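Each of the next two complexes has subunit A plus one more chain, namely subunit B in the first and subunit C in the second.
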Partner chain A sequence: MADFMSEVARLDEETLKQIDRIQKEVAESCEFIGDQEDIDILTKQYLQDDEVYQAKISDLKRKYKKLRRTRGDGNCFFRAFGYAYLEKQLEEKTDLDRFKSAVIQCRSSLLSMGYPSFTLEDFHDTFIDIVESVNKASTSSAELLQTFRDQGLSDYCVCYLRIITSGYLQSNAEFYSSFMDGYSTIKEYCSTEVEPMYKEADHIHISALTSALGVSVGVVYMDRGEGLEVNEHVFPEGSDPMIHLLYRPGHYDILYK
Partner chain B sequence: MAALKRLIQEYKELTLNPPEGIVAGPKSDNNFFEWEALITGPEDSPFDGGVFAAELVFPQDYPLNPPKMKFISEIFHPNVYLDGRVCISILHTPGDDPLGYETAAERWSPVQSIEKILLSVVSMLAEPNDESGANVDASKMWRENRDQFNKIAAGLVKKSLGLT
Partner chain C sequence: MASLHITRVKREFREVVSSEEAQKSQIKIEIIDESDLTKLKGTVIGPPDTPFEGGTYILDIRIPDTYPFNPPKVKFVTKIWHPNISSVTGAICLDILKDQWAAAMTLRTVLLSIQALLQAAEPDDPQDAVVAKQYKGDPELYRKTAKHWAQTYAGAPKTTDDAEISAKIDTLLQMGITETKAREALSTHSWNLEAAVDSLFT
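Let's turn to the complex of A and B:
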C-alpha cells in the first residue's frame, strides 16, 4: 500500500510537469488574442472529408467574414468577451458610460456580499483604467491589442470578469441554483467553478456575465451536432448581440461580420 | 507591482484583525514575497497547544497564483510532505491537481487570501484528509493506529514549544 501510494505521488509529480510543458506549448503557439484572420483558415484545420465540419465552416463563411483566435487556456471566454466588447467600443464609444456604471455597480454588490475590498481593488482599478483608455480618442486598436497581450493586464481583466460573474450568480442564487449539479451551494459552485483562473466557462457563466454587464453576446456553435449549419444562441435571450463568439467544444474565438 | 501592493494590504489587514491562533508577516521589511507564520494547534486536535512555524513564498504574479507553503517546525501529518510542504486544495489552481482532489474542494482563486489559507491549514491540523497521500505513513497511521498517531503528535507539540 505504502509503495503504491508513493508511486502515485511520483506519477502525480510527473503529470504536473507534463501539464506544465503542455501549457508552455499552448502559450507559445497562440497569443492571448490573435490577429484578425480569414475564416478560411478553419477549413485547413479539419480534414477535407470531414463533411460535417466542412459544411458548417462553409455556412459560417456565409454569415461571418473574419475571426480572431484566442489562447486555449481555460480563460478564453472571459478574455474574448472583454476584448471583443472593448474593441467594438473603440470604434463606437456609444455604450462605455453605461458599461462603466454597470462595473461599478457590480463592485458595490460584491462589497456588500462581504468580499474584502483588498481582494477586489486592484482588479477593479486595472479594469476601469482599460475601459477609460478605450473612451479616449487617442487610443488605437494596436494599443488595446497590446493591453490584452500583456499577461499581467490581460489576466487582471479575466480575473475581474470572473469575480463579476460570481457576484451575479450569487445575487441571483434562486434562479441559478437549479443548474448547479453536484454543488450544495451557489457559493461553493462559484469558488470552485467560476472564481479560479483557467476554469472553462459554461452556459451559466455566459448567462451571468452578459446579464451582469448588460452586454449582449451571440455564440455561434460549431460542433458535431445535427445539421450542416452553425447555430447562434444569443445571451441574454432575445437581445440584439453586440459581439459574436465562435464556440467549438471547449473553446471560444471572436467572430466578425 | 500589483503583487507587492496586495501583499502589503493583506499584511495590514492581518495585523489589524488577526485570526485567533495565527501570527503571520513578512520575514523582513525588504522582501514582502517571503513570509513566516506561527500557527497554534487547534483545541481538541492531536496538535492542541503546539505552535508550529511555517514559511510562505509568494509568486511574482500573486494573487493570480497561490503561494507555496512549508512547515519549518517538524510535523507528522497526512497532508504534509516529509520536507514540510503543505498539500491542501486551496494552495492549488484548478489546472494543478497533484492528488486528485474531489472537484468540490476549494481551489485557489484571486479572491482567496493569506488569511483563508492559514485558516484552512488550521482546519487541516484538526481534520486530516487521509485520502491524500502527501505523507503515506502518517495517512496510514491516522487511519489504522490513532493512539500511536496522537502520541507522535503530542511529542511534536512539546518539541514545537521547545520542551524537549
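Let's turn to the complex of A and C:
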C-alpha cells in the first residue's frame, strides 16, 4: 500500500512537472500581449489548400487591418479585453471616468457578497492604478504594453476581471442559471469555471464581463463553421463595439480596423 | 513587482496572525526561515466533536513563485487517518488546493478549509481509498482508528482505552515490525491481526 501511494504521489509530481514544462514553452513562444501585426500573418498559419480558413482570412482582411496576438494560457480573453480597452482609451480618454465608477461599483457589490476585502482591495487598487495611468497624458502605449507584459501586474488584472465576472454572474443568477450545464449552482460554476486562472472564457463569461463594466465587445468568429465569411457577434447584443476580438477555437486575439 | 508572491505572503502572514481564529488558537502560521518565505509551517487544531478533537496538526506549506495565481502546496506533516488525506504521504484532496483555487483566497482561507475538511470528510472524493472505504463501510471502526491516530500522532487527549489496540501493535513489534508500519497495517486491515500479519509478510 505504502509503495503504491508513493508511486501515485510520484506520478502526480511528474504530471505537475510536465504541465510546468508546457506552460514554459507557451510562455517562451508568445508574450502575454504581442506586437501589432498585419493580418496576413494568419495566411501562413493555415495550409494554402485549407479553403475554409483561407476564404475566411480573406474576408477578415477586408474588415480588419491589424492583429495583436495574445498568449494562449486560458486567460487570453480577459487579458485581451483589459488591454484592448485600455489601449483604446489611451488614445481617446472618453470613457475612463464612467469605467472607473463601474469598477468601483463592482467592488462594492463583491464586498457585499462576502469577498474578503483583504485580497479584493489589493486587486482593485492595482487595477485602478493602471486605469488612472491610462488617463494621464504622459503615459505612452509602450508603457501600457509593458504593464501588460509584466507577469504580476498582468495577472492581477486578469484576476480582478475574473472576480468581477463571477460577481456579476452571481448577482444575476436567475438569468444565467439556465446556461450552466452540469453545474447545480452559479456559485459552483463560478468557483470552477470563472475564478480560477487559466480557465478559458465562454459566451457566459463574455456576456457577464461586458455587462458588468459596460464595455461593448465585438467578437469575430473564425472557425470551421458554415460559410466563407467570418461572423461578428456583439456583447452586449445590439451595442456599438468599442473593441474587437478575433476568436479561433479556444483562443482570443485583438483586432484593429 | 519582482517578488509579488513574497510581498503577498508577508501581508497574508499578518492577516492570519491577527485573525479571530488565530486569537482562539485554532490556526497558526509560522515562518521557518526568515530568509525564505516560500516555506511555511501551518498548524490546525482538530475541531470539536470529531475524532481529531484537540489534536495539533502540523502542515507543510510551500508557496510557488506563481502565487497567488496558483495555489500553495500544502500537506500534512502530522500523520492522520482521514478519507481525504493520505495516511502515508499526508497529501490532501481539497478542491481549493487544486482546480478551484482563486487568487482572491488566502492562506487563512486554506487553513480554515482544511479545518472544515476535518469536520466534514468527503468520502466520495477520497485521497486515501482504504480510509474512505472504512469510513463508509464501518463508521464506528473508522472513528476508533482516527481517534487512535490523533492520540498517537497529534497529541489529542487520551479519552479512550486503547489496551486492545496497544496489545495488537505490541504483537507486531515483537515480530520486528516498526511501530508506524504496524499501526498502518492494522488500521488498513480493520485491526485484524492475522490480515495485518499477512500483508506485512507477503
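Keep this in mind: the second predicted complex is superposed on the first by the 244 of 257 C-alpha atoms of A that agree within 3 Å, B and C clash if a C-alpha of one lies under 4 Å from a C-alpha of the other, contacts with A are read in each partner's own complex, and residues count from 1 in each chain.
Quick note on the criterion: a residue touches a chain if its C-beta (ideal position, glycine included) is under 8 Å from a C-beta of that chain, and two chains touch if they have at least 3 such contacts.
Not measured: the values here are computed from a predicted model.
Undergrad: So in the superposed three-chain picture, is A:119 touching just subunit B, just subunit C, both, or none of them (first/second/both/neither)?
TA: both
Undergrad: When both complexes are superposed, which of subunit B and subunit C contacts more residues belonging to subunit A?
TA: Counting contacted residues of subunit A, the larger count belongs to B.
Undergrad: A:150 in the overlay: touching subunit B, subunit C, both, or neither? Say first, second, both or neither.
TA: Touch status of A:150: second partner only.
Undergrad: Pick one for A:159: touches subunit B only (first), subunit C only (second), both, or neither.
TA: both
Undergrad: May I ask you to decide whether A:74 touches subunit B, subunit C, both, or neither, giving the answer as first, second, both or neither?
TA: first
Undergrad: Under the stated touch criterion, which partner chain does A:182 make contact with: subunit B (first), subunit C (second), both, or neither?
TA: A:182 sits against subunit B, while subunit C stays out of touch.
Undergrad: Looking at subunit A, which of its residues have contacts with both subunit B and subunit C?
TA: On subunit A, the residues that contact subunit B in one structure and subunit C in the other are 1-2, 5-6, 9, 12, 115-116, 118-120, 122-123, 151-152, 155, 159, 162-163, 191-192, 195-197.
Undergrad: Sort out for me which residues of subunit A touch subunit C in the complex.
TA: 1-2, 5-6, 9, 12, 115-116, 118-120, 122-123, 150-153, 155, 159, 162-163, 191-192, 195-197
Undergrad: Using the touch definition from the top, list the residues of subunit B that touch subunit A in their complex.
TA: Counting only subunit B, the residues touching subunit A are 2, 5-6, 9-10, 13, 61, 63-64, 93-96, 98-100, 103-113, 133-134, 136-137, 139-140.
Undergrad: Per the contact definition, I'd like the list of subunit A residues that touch subunit B in the complex.
TA: Those residues of subunit A that touch subunit B are 1-2, 5-6, 8-9, 12-13, 15-16, 19, 23, 74, 115-116, 118-123, 126, 151-152, 155-156, 159, 162-163, 166, 182-183, 188, 191-192, 195-199.
Undergrad: With touch defined as at the start, can you tell me which subunit C residues reach subunit A in the complex?
TA: Of all residues in subunit C, those touching subunit A are 1, 4, 8, 11-12, 15, 68-70, 86, 88-89, 91, 95, 99-106, 109, 128, 130, 184, 188, 199.
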